[in-house]
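Chain lettering (A, B, C and D) follows the sequence in which the chains are written, and residue indices restart at 1 in each chain.
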Amino acid sequence: MSDWTPPTQDRVEAYFKELNNWGRWGRDDQLGTVNLVTPARQAAARALVKTGRTVSLARDIPRHPELIYHATFPSSRERADVVLDRFDIVFHGFTVTHVDALCHVGWDGELYNGRPFKDSLTAAGATWCSIDPIFERGITTRGVLLDVAAGRKEGFVTVGRPVTPKELDAVAARAGVRIEPGDVVVVRSGDETFRRANPDWVARVSPHPGLHLSCLEWFREKDIAAISWDMMDERPSGYPGFGMSTHLAIPFLGLALVDNTNPERLAVACREEGRYEFLFSAQPIRLAGATGAPAHPIAMF
Amino acid sequence: MSDWTPPTQDRVEAYFKELNNWGRWGRDDQLGTVNLVTPARQAAARALVKTGRTVSLARDIPRHPELIYHATFPSSRERADVVLDRFDIVFHGFTVTHVDALCHVGWDGELYNGRPFKDSLTAAGATWCSIDPIFERGITTRGVLLDVAAGRKEGFVTVGRPVTPKELDAVAARAGVRIEPGDVVVVRSGDETFRRANPDWVARVSPHPGLHLSCLEWFREKDIAAISWDMMDERPSGYPGFGMSTHLAIPFLGLALVDNTNPERLAVACREEGRYEFLFSAQPIRLAGATGAPAHPIAMF
Amino acid sequence: MSDWTPPTQDRVEAYFKELNNWGRWGRDDQLGTVNLVTPARQAAARALVKTGRTVSLARDIPRHPELIYHATFPSSRERADVVLDRFDIVFHGFTVTHVDALCHVGWDGELYNGRPFKDSLTAAGATWCSIDPIFERGITTRGVLLDVAAGRKEGFVTVGRPVTPKELDAVAARAGVRIEPGDVVVVRSGDETFRRANPDWVARVSPHPGLHLSCLEWFREKDIAAISWDMMDERPSGYPGFGMSTHLAIPFLGLALVDNTNPERLAVACREEGRYEFLFSAQPIRLAGATGAPAHPIAMF
Amino acid sequence: MSDWTPPTQDRVEAYFKELNNWGRWGRDDQLGTVNLVTPARQAAARALVKTGRTVSLARDIPRHPELIYHATFPSSRERADVVLDRFDIVFHGFTVTHVDALCHVGWDGELYNGRPFKDSLTAAGATWCSIDPIFERGITTRGVLLDVAAGRKEGFVTVGRPVTPKELDAVAARAGVRIEPGDVVVVRSGDETFRRANPDWVARVSPHPGLHLSCLEWFREKDIAAISWDMMDERPSGYPGFGMSTHLAIPFLGLALVDNTNPERLAVACREEGRYEFLFSAQPIRLAGATGAPAHPIAMF
C-alpha cells in the first residue's frame, strides 16, 4: 500500500490506553470481545444459513508418530482387537488450529482486566482468563471472509508488506461486505501458499509476514468479536516493546484469536456462493483452566 | 424391565451377519452410519433451531497438571508475558469426550468393511477407517435425547439392570419422540450421578452399568447415524466372545460413537424447552490418521 | 529425640547467610557441592570396592500405560516385529529417582550463586545451573548409609518426629562411620515401609515426615557432596517462609539432591557386608538444559 | 574392504539357527548375552581402572521445548521459586542413548527364547524380556573401543561400504586388543562426523551406513555381552527378509544393544591413555516393563 503511512512509535505507545476494553464489560469479565456476540446478532447470523453447505476452517494435525501422537499397542479382547492413541501437543504455535485464552498474553505484568500475570497462573492452568468462559459460550456468530491474499500478486502477504487497516477496508469493499460489531473476521493472508513458496522458512526464526501492528486500531474500531487467521501477525513488528505484534489484542482488547485457521476451503466456497458472509461456529474443546484449546471451527452457508 | 428376556448366546452369535452394514455404502466406504445423514435430514434438523439456545454436550477435561496438561514456563517478550500449555492425553477411555474412528475396534481380525486390522494400523495411525472421513464431514443432524436415568428410581442405570431396547423404546415414547434414520441418539444413563454415588467405582476394574449388548439390534433397526452417550456399555456383557459389548457397533454397523458425552445440561434444557429433539453438531478436531478425536458437541434449540 | 531443642525462627532466618556457599567455588560455578568430590576422594572411594557387589539405589518407574509410558503399535518389518515405547514424565515429585539441578529451587528470586530466577529459565530449560554440569561430571564418590529407619521403633520416621542433626550423628556413630567432606550421604528414613503402613497418605496433601529444617546446618557442617534420600524433607517445616524445608539446601548450599532414592537393597547389603561405606555412583541422563534428570544410582562394595 | 565377499542369501537364511542362543542360559532366561558378564570378568574389568578418568558415552538429549521436554510454570512457595520439567520421548530411534530390551525385536512372531511376540506385549509394556532384567543387573564389564571411523579416509563409515567382520578384526588388531567373551564392544563408525557432513540425511528415510548384516556372525563368534554403537546397522541390509539388519542380534542372540552411543570423548581418551580397554558401565533407568530404557553409560580408565 504505497500511500499508507505507518503510525509513529508515540502513536503506538498510546494504544494500550486508547484501545483498551478493560472494565467495558465489568471488572470481573473474563470473556472479552466475545461479549459482543449478542442473541440478536446470533439470530441474524443463523439467518445466513440457506443451503447448509458447511466448510471446515481447521488444519489437519499431521501424523507425526514419535512426537505428536501415535497409536498404542493393540489389545485383543476375545474376538475384538482394540487400538487407542495418545496425543500430545503444545497447540500454541504455528500448526494446530486453536482459540487463545485471554491469559495467553499479558502486558506490563497484567492480564486482561488488570489481574497480575504471575498470580493468575500455575502449572495447573490459569485462575484468571482461562479458556473456560470461551469454551462455555462457544463462538457462534456472523463470519466474514477478508481474502487479502487474493488481492496480492504473489498470492500471499509478503515479508515487508504487512496487511494494513487500509488494506482490510479495501478487501471488505471489494467483497461487498461491511464489518459489524460482534463479527468474526476470517483473514486469509495466504499462509498455505506462502509456506509452499518458501520451503526454507522456519516459524519463529525467519521473519513472519502478516498483519501490521496498527491493525489493532482496526480491530477496536470495527468492534469485532474474534479474528480467525491463517498467517497471524507481522514479526518483528518494527516497534520496540511491541514484539508480540497484533497478539497484543489479547491484553489490550480482550480479543478472541482463532490461530492457525485454514481459510482455503472457505475462499473457494465464498467465490462459489457469491457471498463473503456466513455463520461462523467454533467450540474449543473443554480443556479446563488452559491457556487456550484446540478447536474445529466451521463456516455454514 | 421385568418382562424382558435377554437374547440367547446363539442369537448374539448371529449379530455380526444379521446387523452387518459392510458393503451397504460400497466396499470402499470408511464413513459408516454417518452416511445416513443426508442433506434433507440436515435441513430438517436445522429447522428445529428456533431460539438458538445452545448447550454443551462435552465434559471438562480436568486440570491435572502433572499428567494431562500443564502450563509451560512463561516467556517475557519485551513488555509482554506469554504462557503456553501442553496437553497430553489418551482420549479413549472414560473421561474425555471424543468420537471413535471406525478403526478403533475390529472383529475377528477385521475392521469395518472387511479390511485386516493388522495391515490397517501403524504407530503413525490408521490407513483404513481413521477419524478423517468423520472430521471431514462432521456430525450435524437431528439429535434426540433419551433420558433413561430420569426413569430409574436410583437416578442412574445400575449394575445388573442394563438398558434394553425395550427400555429405549419406552423412554422415547415417554418423551414423545420417534427415532428416525440418520438421527443422533443422546442417551443419558446418569453416569455423573452414578459416579458420585459410587466414589469407589474404578473404570475398567469395577463392573460397568450401561447398555445391554442387545441394543445393537435397536441401533440397527432404528438406523441411527450415531450414539452420544454418557455411561456407554454394560461390562462384562455376559456373552462369551462379546466382551466389547455394544462397542461392537463399530465393526458390525460402522456406527459413530460419541463417548463420554455429558448430557446433564441437555436434560435440563429439554425439560425447559418441552421438547427432546434439537440440532446436534459435533466437529472432532482434525487429528489426521487417528483412532478417534476429541470433540465438543453441542445441541441447539 | 526428647533432649533436642529445635532452632528458633531467628536462628533459621540466619541460615541463608550463615550456611551460604555462594562464591565458594567462584561466582561462575554451577556445580555446587559436587566440587567437593576431588580426585583424591574418588580414589579413596574406589579403594572401597572389594567384591564388586553392586546394589541399585533407584525405584522402579511403574507401568502406568495411559499416563506415564506405553508401548506403541508394533510394526512388522518383513519377518521381524518391532515395538517401541513412549515415556512421558514429570520426574520431580515423589516417585521417580532423579537428581535435582541447582536451578530447581530459588530463594528470594535468586538461584545458587546469585543469578535471577526469572532470567535464568525458559520453556526450553535453564541458562544457569541446569543439570548439565552435574551429568557432565557424574556423582562418583564415597557413599555412607545412615539407616535412620532402623533406629525407629515404627521402622520409619513419623510425622511429628522429624530427623534431626543429632539423630544423624547418633546413627552414624552406631554404624561406626564418620562423614567426610565430599561424601554422599544416603539417608534411609523408611519411606517404603511408611507408605505401606499409611495407604491413605497422599504426597503433597498429607503432612510429610522427613528431615527437620535444621539438618541444613548438618549438611553444611559435614560438607557433604550430595544427599540421596528416600523420604526427603519434613513438610510443613514449621517455619514461616521456609516451606521448602531442607530442599533449601539447593539455593543456600548448592547441594546436589538425589530424590526418591530406594535404599532398601542397600540396607540389606550393608548389614551383610558389615560396613556402611561404599562407592556411590550416579550418572543422570544427559537431558540438556533441564531442571534435573532421572538417574539410576548404584552402590558398589 | 575390497577382498571381502558378502555372504549369500542362503548363508544368511541359516543365521537364525546357527547363531541362535535360545536355551543357552535356560528356557526361562530373559537376560541374554549379559549372562556372559561373570563376576570374574567384572573383577578383571575393575582392575583396568587406574586413574579413575571417566568419560561419558551418552549423547545430549537436546533442548526442544515443544516436543521433547520443557520447564513448567514455576510455583512460588513463600520465599522460594520452584520449577519442574516434563520430559516426553520415544527413546528408540536415532537420537537418545538407550539400551534395547530383548522384547524390542521379534523374529517370525517370536521373541528371544521362543515366546510369542503378540502375547508378550501390551500397552502397559512387556511380560517377557522387558528391560527389567537388564536394569536390575546393569551392564558393568570390560569395554573395548573399535574405532572403525579412524581407519576410514572420510572419517566415517559411508553408504555402500558397510563395516564387515573382517574390518572389525583389523581395527582390533590395530588397537592391540583381543575381544573376549563378556566384553562390551564400543564401535565408533563416525556417526557425528557423518551427520555433520550430510546435513540433508534423514534417519529412516535416507540409506543408513553402518554394520553389515554378517557382523552377526562376529558378535556370536566373539561372544560379546553387548554392543555400544553410534551408527548402528546398514539399512537397507541388502538381504530380503532381513531388513532389521544387525538389530536381529536381539532375537537371534539375545544381544544387548546400547544404541545412539556417543564414542567421541572415548576415542580421544583412548588415544591419550594409549589403551583401548577400560571399565564399561551402563545402568538403564528402571522403567519397569518397558521395551528399553535411557541410560548414561560411562567408560572408566
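Brief remarks follow.
We take it that contacts are C-beta pairs under 8 Å (C-beta built on N, C-alpha and C of every residue); 3 or more make two chains touch, one makes a residue touch a chain.
Note that the structure is a prediction, hence the values are computed from the model and not measured.
Because subunit B and subunit D carry the same sequence, their contact can be compared by residue number, and over half of the numbers here are used by both. The copies subunit A and subunit C differ by a rotation of 180 degrees on their C-alpha atoms, rounded to the nearest 5. Remark: subunit B and subunit D have CA centroids separated by 46 Å (rounded to whole angstrom).
Note: centroid distance subunit C to subunit D, computed from Cα atoms, is 30 Å.
Taken residue by residue, subunit B touches two or more other chains at 65-66, 70-74, 83-84, 86, 88, 90, 93, 121-123, whereas all remaining positions touch fewer. Across the complex, subunit C is touched by residues 39, 42-43, 46, 49, 52, 54, 56, 58-65, 69-72, 74, 77-93, 97, 103-109, 117, 121-126, 135-136, 138, 140, 240-244, 247-248, 251, 281, 283-292, 294-298 of subunit D.
Only residues 65-66, 70-74, 83, 86, 88 of subunit D touch subunit B when the two sit together in their complex. Residues 65-68, 70, 72-76, 84, 88, 90, 93, 118, 121-123 of subunit D are the ones touching subunit A in the complex.
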